[in-house]
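Next come the structures, one after another.
What follows is a pair of complexes built around chain A, which joins chain B in one and chain C in the other.
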Partner chain A sequence: MFQGKIRSDFMKAVIDATSILVDEAKFKFDSDGLYGRMVDPAHVGMIDFRVRKEAFDEYECEKETEIGIDLEKLRGILKIASAGDIIGLKYDKKEGRLEVEVGNLKRKMGLLDTSEMPDTKIPSLELPAEIVVSTAEVHQAIRAAEAISDHVTLMADKESFKIKAEGDTDVVELILSKEQLYSIKCDEPVKSMFPLDYLSDMVKLAKSNSEELTINLGNDYPLKMAFGFAGDYIKMMYLLAPRIES
Partner chain B sequence: MKVAPRKKIGMDESICIRCRGTKLLCGKPRCPILEKYYAMERNKPLVSKKVIYGASPPSIFVGRHGYPKVSIGPMLPPMEGDTSYLDTPELWHGKSIDDIVDFRMKLVRGKHTVHVENMDDRIAQYTQEIAMAYKPVEMEIEFEKEPRGKIALYDEVQPHGPSARIKKLWLENPRVEPKIEKLYYDEVKARDAILMLYRENVFVSSIQKAFSAGLFGIRKKFVPTRWSITAVDDTIGKELLKEVKTYPWLNQYHIYYTKSMDNLWVVIMYPSSWQYELIEAWYPNTTWNPMGKKIVIFGDHEFYNGRKEYAKIGGCYYAARLAAAEKLKKMRRQAGVVVLREIHPGYIMPVGVWNVRENVRAALAVEAKKFDTFREAMLFVSSLLYIPVKRWIESSELLKYVMRQKKLDDFNVV
Partner chain C sequence: MNGDMEQLAIEIRNCRKCELWKVRNNPVVGEGSIDARIMFIGEAPGRKEDEQGKPFVGAAGKILDGALHANSIERKEVYITNVVKCRPPGNRDPSMEEIKACVPYLERQIEIIKPEVIATLGRFSSRYILSRYGFSYLPISSIHGRVFEDRLNDVKIVPLYHPAACIYNPALKSIFMADMRKVAMLLRQ
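After this line comes the complex of A and B, so read on.
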């Protein structure tokens, strides 16, 4: 069993970040905190998140526990709370339900069977480039790209990071030089193309939680995107598979 | 004025003269000219009169030539009783081309030229009343001349029989559909009216009729039948998709299919945010590929945010999209949808986009074959199709997309 208290907006951010990819999720609790890793039905995007116990106001977990959550349902419950409210979470194996405490209100939620939810393995990726960039800049470029295309190309070299989208007649391009980035580490030029339907949701989510975004890139290779909030005690990482030109 | 079909049905006229329906030199399994003739023969004694008495299903027609001055008027068959099926495409699935031609030919189109906004005109008012009816309306039309006798074929509108200018028109008091009547008097916006009626399970074809007759909105005006069909399909489809886009993705590959009127329909649904494509493959000697020696493939698609330009392939795009959106809404899922249509040589004349809407609906009404991978799904699809699946993929923007999009599993081993 475990029980803890946490700010409702932290929990909501975790639910929102996860429901970009899946509607049912397996959450694990252990002595360090809450974590989860899910891949979407098309196996194009993956989320890996960790909410360390320090992000909780109170946290207690005797032994590793996993529960299956209907994300839409939990999101509905969290709506009862206002941002900044502290909510209580409690799970007891005997009870078999997740108890959410909002103020004096106790809401017990039925859970999903996790035996049908396989553990997601994280692919071992070699991503030669690492860029730390302003989330707002990336968000703006992605929004502009969405208007003209369904995919976008991310490129990096020693000196710069680039986002480019091409429509039938229009082009969107964001070029950020070394000085305009928090940091860049890229020995060889890299370039990969990504589907905007996924990327735009991921970036939107990052933008509402963090000013900085760490991007790892390769050539025709998956993208790794990471950001943290709540004093970095909550960390999220997305993986996104590339599109390959015909 | 008769609206010309997109392409002429015949080709080199001389071959028809040499053939006269015996040798079938045109290559069609049945002679389209005879087809018209036979249907005409059966009706001849009834139609070759200047006055026709019958029950309109109800049915109206609004032409588009000369817009905003167009030919409007009711259509009626020379028969009484329950004629409603004559103008209810929702009831036609499984009917053969022969059946459709046969009963649509019975509908004689009365024509009256009027400005689309002239609602003071008496025949315009009658036409509106007829479009408002939920039961066949008995009427008598006296034409200026005997209705001129051939079938009128259109790409998007269902065919109808002979037509003539209206001289006099008498009709019984139509029994009006109260839902439509209320929207008419309440001056509800056209878009809202369409959606309200759809939610109340009024047939799409009835909504389209009412919309065409200019029963909705504040400034009421007639809308050519052809435009009204697509406008209604598009409006309802878009609205349903708003809801569909809030649902989680489908988590498997679903394949649906059906055959009708020598058309093969295959619907592929795959895990994705909403995206949609309709591709048609016209065999040589089908309606719109009468002279061709090769199969011609045409398609149009949209991604999540829809399309800005009107689909090149026309109203059928919106008709199939409506059917797909209805299904996804019912499943409470969002998906990528590719509709493949093979038009085999038995499809000798156009029957209207209802054919697309109703057949895709029929295909989707059957339990899907479900697969875990794209490969398995496409293997099954290739067993259904006559045209090699490779050629379909080459012609499909979305199937190519699905194939180009890598999966994370592809990178597991480094």
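After this line comes the complex of A and C, so read on.
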């Protein structure tokens, strides 16, 4: 059995972040909190998130429990709550449904079978560059890039981080020097290209929740993007496969 | 990397993480090139494998060897292993506890070899490998020969029938051979 109380906007952020990649998700609760890891059907993006129990106002979990969630359904329920409202979540295996409490309203939600939902492992990636950057800067560049292209190139070297998109006639480029970044660790230049449809949604979600974004990059290699909020008690990590031009 | 695999082999030979060590003759670590582009992953060793400490050396192994040969793939070019490294008595299915105890070894083998293609042999390995890479498992009869591409790990997974299934049901042999041709084509791409 699990029960907890949490700010509705925290839970909405988790659902929104996950919905970028999947419609159905397996959420696991244990004594430390709630966590999940999902890959999109095309196997281009992965999300790994953890909501530590400290992010909840109240949290109780007797033993590790997993539930299958229809994300659109849960999102619909959470829409009833206003930002900052505290919602209650309760799951009892005997009942087999998730009870969501918004104010005096109780909604019992049917759950999905998790037995055939995969237990994905995080790929072991050696990503040589780590950049901590303003989420707003990245978001602005991605928005500009979307106007001219469907893909974007991320580059880094010892001194700078760059985002570049090229259309048929136009070019968008963001160059941030070492001094304009929170930090950069990059011994050798790295460069990878990514599809904007995924990246745009991921960055938009990050911007809504965090001022800082940690990006790990390699050469023609997946991108790792991480951010935290709710006092860093909620952590999100996305992986995105590169687009490799043949 | 060779050293990593040797270290792993020592750990497997000394493993007592489940009860199977008590009834095995030899654990079957795996065999082949650590630079292999393709890994074949079966379920668990059988009697012959347990006797010799090598994977797929019995009747099922002959079918696998024949399929490799028919596609001009040499056995020494590939890496062959199982999800469970010790023989379950009487060739029974491995239990969930045995699989859970043993898969960290397989995980390390995958990490060392970093294959481009993983061909799973039978439902146990197909279920584990597909789930590990984030794919939902469906019965082997509906997914055999299908290429599951994981772009995050840059690996392609092809579930195949277990060659032993072709012994009990000869009609499956032509399907197994056709699926193996698909695997060989992936290597030529």
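A few remarks follow.
Simple rule for what comes next: the second predicted complex is superposed on the first by the 246 of 246 C-alpha atoms of A that agree within 3 Å, B and C clash if a C-alpha of one lies under 4 Å from a C-alpha of the other, contacts with A are read in each partner's own complex, and residues count from 1 in each chain.
Please note the rule applied: contacts are C-beta pairs under 8 Å (C-beta built on N, C-alpha and C of every residue); 3 or more make two chains touch, one makes a residue touch a chain.
These figures come from a predicted structure and were not determined experimentally.
After superposition onto chain A, the modelled positions of chain B and chain C overlap sterically.
In the superposed model, A:Met38 makes contact with chain C only, not with chain B. Once the two complexes are overlaid on the shared chain, A:Asp23 sits against chain B while remaining clear of chain C. Of the two partner chains, chain B is the only one touched by A:Asp150; chain C is not.
After superposition on the shared chain, chain A has more residues touched by B, the comparison being chain B against chain C.
Of the two partner chains placed by superposition, A:Asp92 touches none, neither chain B nor chain C.
Using the contact criterion defined above for the overlaid structures, shared-chain residue A:Pro195 touches chain B, although it does not reach chain C. When both complexes are overlaid on chain A, the residue A:Glu116 reaches chain C alone and has no touch with chain B. Once the two complexes are overlaid on the shared chain, A:Glu126 sits against chain B while remaining clear of chain C.
Superposing the two complexes on chain A places one of the chain C stretches 56-64, 128-136, 146-154 or 164-172 into chain B: stretch 146-154. Counting contacts by the rule stated earlier, residues 39, 42-46, 121, 123-124, 222, 239, 241 of chain A appear in both its interface with chain B and its interface with chain C.
Contact residues on chain A toward chain C in their complex (touch as defined above): 38-39, 42-46, 116-121, 123-124, 222, 239-241. Considering their complex, residues 107, 111, 130-138, 148-154 of chain C touch chain A. Listing the residues of chain B that touch chain A in their complex gives 248-252, 270-273, 303-305, 400-401, 404-414. Residues 22-23, 39-46, 72, 121, 123-126, 146, 150, 195, 197, 221-222, 239, 241-246 of chain A touch chain B in their complex.
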